[in-house]
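The following blocks contain the structures, represented as C-alpha cells.
In the two complexes below, chain A is the common chain; its partner is chain B in one and chain C in the other.
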Partner chain A sequence: MPINFDHVFYTYSKKTPFEQVGLEDINLSFNDYKFIALVGHTGSGKSTLVQHITGLLLPDKGVVHVDDYVITPKKKENKNIKKIRENVGLVFQFPEYQLFEDTVLKDVAFGPKNFGVSEKETIERAKSAILKVGLDESYFERSPFDLSGGEKRRVAIAGIIAIKPKVLILDEPTAGLDPQGSKKMMQLFCEINKNGTQIIMVTHDMDLVLEYADHVLVMKDGKVAKESSPLDLFSSSDYKELSLDYPCVFAVATELIKKGMKIDLTKIKNLDTLVEEIKKGRDSYE
Partner chain B sequence: MNNISIGRYIPYNSKIHRLDPRLKLFSMILFMVMIFLRFGGAQTNYMDFIVYGFIAVIILIIMAIAHVKLSLLFKQLKSLWFVVLILLIINLLMPNDGPYFLIFNTLKIYHKALYDTAYIFIRLVLMISLTMILTSTTTPLDLTYAIEWYLTPFKIIKVPTHEIAMTISIALRFIPTLLDETDRIMKAQASRGVDFQNGKFREKVKAIISLIVPLLVSAFQRSEELANAMEARGYNPGAKRTRYRILKWKWLDTIALVLSLSLFALILYVSIAKIDIVVLISGLLG
Partner chain C sequence: MSVLSVKNLTFGYEKDKPVLKNISFQIEQGKYIALIGHNGSGKSTLAKLIAGLLELQSGTIEVFGELLTDKNISVLRQKIGIVFQNPDNQFIGATVRDDIAFGLENNCVPHKEMDAIINEFAEKVNMTDFLDKEPTRLSGGQKQRVAIAGVLAMNPKIIIFDEATAMLDPKGKKEIREYILKMKKEDESLTIISITHDIEEAYNSDEVLVLNNGEIFLKGTPEEVFKDKNKLKEIDLDLPFLMKLKDKLSDCDIDVKDVKNLEELVNKLCQ
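== the complex of A and B ==
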C-alpha cells in the first residue's frame, strides 16, 4: 500500500519550555519495499514517524498520504483515520500493556470488532491469529493477566494481526525477549510478510536489519539521515559517522575479508549463512 | 494529551524559582487569605474589585519575574467556563432583592447575581494563578520538603510526618509517568479501532474500560516494583535519615518574607478598618 510523506514537520509540546523537534521536513515513499527497517538513536524520531502513518499524531505542517487517504494538520479534515488504522496495524513497544479483557480470545477479537467485522468472522479471525502467533487452543479462555510476559506479547500482537492490516508497523517487537523468543517472533513476522503484508519495523538490532529488511531508513534528529538497502548501508564509508553498531555477522565477515579470506558479503544474512561462507572461503583459501 | 503543561514545574532560573519553598508555600497561604477577605462597607461593593485589581497587579508582576506565561493561565481558564456558567445559573436562580433588569420581559436579572458571579470568578482566577506560580516555580520534591518542614511540630503528637511527605512525593513523582502511560495506552487502543472522542454511550464506556484496566494493572505493577526496589535498598520508614537537598534560608527569602508580610498587613488593615478609597480620596481633595 502506498505511503508517502510530503514535507512533514512535527514538534512536541509546541510553545512551551519543553519544546522538542519530532520530525523535520520528512519526504518519504514506502511503496517499493516489502520489509522496511527504521533505525536510529533514542529520540531520533522513529516512533514519531510511525505514529504519523496511522494518524495518532497529526503533522504540524505537510501531508501524509496513506493509500487514497490523506492525513493533514487540521483535525477536522481527518475523517478517514479509522479506515487508515484498519489498513495499517501498529504494534507499540511493550504491547503487552494494552491487554484488558477477561479472556485472551475476547482481547484478540476486540480490534476486528471495533472495525465492524461481523461477530462470526471476528471469532474466526481471533482464533486463527492466536494460533498463528504460536499459542494453542487452551489459551482461548485464559485470562491474559495470568500469562507470562512473552505470551502476553504474543496475545497483544495477535490482537493486531486479527485486524488483518495491509501494512504492519512494529515498534521494537523483540525488545526484552530472550534470543529464542525473539527468533520465533521474527519468524512469525517473516511469514506474515511473505503472505503479502508490508512490514515496517523500528529496531535497534542491526542483525535483524541485515537478516530481514530489504530497505533501511536511518533517522537522526528528526530527519532521514540515510536511506538504502542494508548491505549498502553497512558497507558505506560514512556509516561510522551515524554512530550505529555493525551487525555482528557483518563485522566478523569484514574482518575476515581484511585478513584475506574470500567472502561474498551479499550472501551473508545471519549466522548460518556466515558459517557457510566461511567454509567456502576456507576451501578457496587453502 | 501531550500538552499537559498546567500545574507542571517549568525549569527557569528566576528569582522566584530560587526562593525557599517554605517561604513560597507560606506566602501563597497569605495571598489566599487576602483574597478571601471582604473589603469596604456593607453598602458599597466596588472596594472588593479595587483591592482585587491591586492584588492582580502584584500577581502579574510576580508572574513576569517567574517567567510564567499568561497564555498558560488562559489555557487553564478555558476549561473553567463551565464552572462559571453553573455559578451564573445558580446565582440567577437564588432569591434576591434590590435593583434588577428584565430580559424577555419575564426573567428578572438581579444586579447582585451578576456581581456575585463576577466576584467568585475573580477569586477563582486569582487563586488559580497563585497556585500556578507555586507549582511552576517549585519542583514537587521541594514542595514536599516544605510540607514536611511545616509538619515537623506534629511529630510530638506522633503524626508520621515523614511517611506523609514520602507518600506525597511519590504521588507527585508518578503523575507525569501515569500521564505518559495513559497517552501510550490510548494510542495503542486507538490502533485497535477505539475511538475516544466519538461514538455511542456504550462504545464510550467500552473505550474507557480499555484504558482504565491496563492503566490500573500497570500502576499496581509499578507500585510493587517501587516497593521492592525501596526494600532492596534497605528503606526503613522509622529510620533517621539525612537528605541530599538541604533547604537554606537566604537574604532573598527574608526580603520576600518581609514584602509579603507587609502586603498582608496592608490588605488586612484595609479590610478591618473598612477603608473606602473613594471616600478617602474625596476626603483628601475636599
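== the complex of A and C ==
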C-alpha cells in the first residue's frame, strides 16, 4: 500500500520547556518495498514515525499519504482516520500490557468487531489468528491475565492479525521473547508478508534486519539518516558512523575475508548461508 | 557456603496446575547464576518465591541457612533484592532521590544517614546528576540504573535480575550488563541470579540453571549445560551463536570441535 511522507515535522510538548523534536522534515516513500526495517537509537524518532502512519499523531507541518487517505495537521480534516487503522495494523511495543478482555478469544475478537465485521466472521477470524500465532484451542476461554509474558504477546499480536490489515507495523515485536518464541514469531510475520501484507518493523536486532528486510531506514535525531538495502548499510562503514550493531554472521564473514578467505557477502543472510559460503571459500583453497 | 537452598518446591496459581513441580537446588555464595528457560517455564514465579513476593505452598526455601517462614520473611527479604523487567513499573518516588530513599525509609534508616547513602549509590550507578530529575524524563537504561541503586542501597546479599535488560535498547543493555559485572567485582561475596533469554549472557555466567515446564531440566557450568546440545534442542532452547555455527560446520564435515572462541574458529577455518 502506498505510504508517503511529504515534509513532515513533529515536535513534542510544543511551546513548553520540555519541547523536543520528534520528526524533522521527513520525506519518504514506502511503495516499492515489502519488508521495511526501521532502526536507530532510543529517542531517534522511530515510534513517532510509525504513529504518524496510523494517524495517532498528526504532523505539525507536512502531509502523510496512506493509500488514498491524507493525514494533515488539521484535526478536522482527518475524518477518515478509522479507515486507515483498518488497513494499517500497529502492534505497539510490549502489546501485552494492552490486553483487557476476560477471555483470550474476546480480546482477539475486539478489533474486527470494532470495525464492523459480522459476529460470525469475527469469531472465525479470532480463532484462526490465535492458532496462527502458535497457541492452541485450549487458550480460547482462558483469561489473558493468567498467561506468561510470551503468551500474552502472542494474544496481542493475534488481535491485530485478526483485523487483516494491508500493512502491519511492528514495534520491536520480539523484544523480551525467548529465542525460540522470537523465531516462531518471525516465521509467522514472514508468512503474513508472503501472503501480501507489507511489514514495517522497528528493531534493534541487526541480524533480523539482514535476514528479513528488503529495505532499511535508519533514524537519527528525528531525521532519516540513511535509507538503503541492508547489504548496502552493512557493507559500507555507514553502520559504524550511525553506531549500529553489526550482524553476527557478517562479523564472522568479515574476519574470514580479512584472513584471505574468498567469501561473497552479498550471499549471506543468515547462519545457513554463512556456512554455505564458508564451504565454498574452503573448497577454493584446495 | 550455600546462600540459597530450595527443597521440593511446588507452586501453582490455580489448583492442579502447578507452575513449579518439586524443584530442589542450591546456590553457592558469590556465584553468577543464569536462570534460563522458555516463556512460561516458571522462572519469574521461582524468583518471586525466593524474594518472598509469593507465599509458599509446598516445599522450603532456606536463605543463608535460615528457613523462610511467615515470621522472618521481612527480615530475610532484606538480604534479597530484585530488579524487574519493566523500568516503568518500579518507580515510586517523584524524583530519583525519593525513589532510592523509598526502601531506606521502609527500613527505618535515620534521615541523617540517608542522604549519604543515596549519594553513594547514585554515584555507583552514575546517576548523581539526575538525583532531582523526574523519573519519567529518564531513558529506560537510566531508569533501570536507578532501580538497581534502590536495590543496592538496601545492602542485599543476593540480587535477582528478572530480565532486567529485556526492555532496553542495545546501548542500555550493555550499560546494565557492564554495571552488573562491575558490581560483582567490587563485592565478590555478592550472589547474582539473572533470569535471561540472552544465551550469550548465560554462556558467560558461573552456573546455568535451565527450567522447563516447571522442572529443573539441566544445571551446571555453561560448558556442561551447552555441551548437551541435543538435550537443549529437545526443549527447543537456543544455543550460543558460536555453538550454532560450530554445529552447522560440523554437519558439513568441517572439523571445528575444539575451538573455544571466534578468533580460534576463524584461524582454524583459514588453515
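Before moving on, here are some points about what is shown:
The definition used in the following text is that the second predicted complex is superposed on the first by the 286 of 286 C-alpha atoms of A that agree within 3 Å, B and C clash if a C-alpha of one lies under 4 Å from a C-alpha of the other, contacts with A are read in each partner's own complex, and residues count from 1 in each chain.
Definition applied: contacts are C-beta pairs under 8 Å (C-beta built on N, C-alpha and C of every residue); 3 or more make two chains touch, one makes a residue touch a chain.
If you're wondering where the values come from, they're calculated on a predicted model, not measured in any experiment.
Superposition of the two complexes onto chain A shows a clash between chain B and chain C. Once the two complexes are laid over each other on the shared chain, residue contacts for A:Asp178 go to chain C alone; chain B is not touched.
By the touch criterion defined above, A:Thr54 reaches chain B but does not reach chain C. In the overlay built on the shared chain, the residue A:Glu151 is in contact with chain C alone; chain B does not reach it.
Contacts of A:Pro95 after superposition on the shared chain: chain B is touched, whereas chain C is not. In the superposed pair of complexes, A:Gly111 makes contact with chain B only, with no contact to chain C. Legend: residue contacts after superposition of the two complexes on their common chain; A:Ile163 is shown touching chain B, with no touch to chain C.
When the two complexes are overlaid on their common chain A, residue A:Glu119 makes contact with neither chain B nor chain C. Superposing the two complexes on chain A places one of the chain C stretches 4-12, 112-120 or 238-246 into chain B: stretch 112-120. Taken together, the two complexes place residues 18 of chain A in contact with chain B and also with chain C. Within the complex formed with chain A, the residues of chain C that make contact are 13-14, 37-40, 44, 85-86, 137, 139-140, 163, 166-167, 169-172, 197, 199, 236-238, 241, 244-245, 248-249, 252, 254, 262-263, 265-267, 269-270. Considering their complex, residues 18, 41-43, 94, 146-151, 175-181, 183, 204, 245, 248, 251-252, 255-256, 259-261, 271-272, 274-275, 278-279, 281-282 of chain A touch chain C. Every residue of chain A that touches chain B in the complex is listed here, in rising order: 12-13, 15-18, 51, 54, 56, 82, 85-86, 89-92, 95, 97-100, 110-111, 113-115, 145, 159-160, 163. For chain B in complex with chain A, the touching residues are 2-3, 5, 10-12, 71, 181, 184-185, 187-195, 209-210, 213-214, 217-218.
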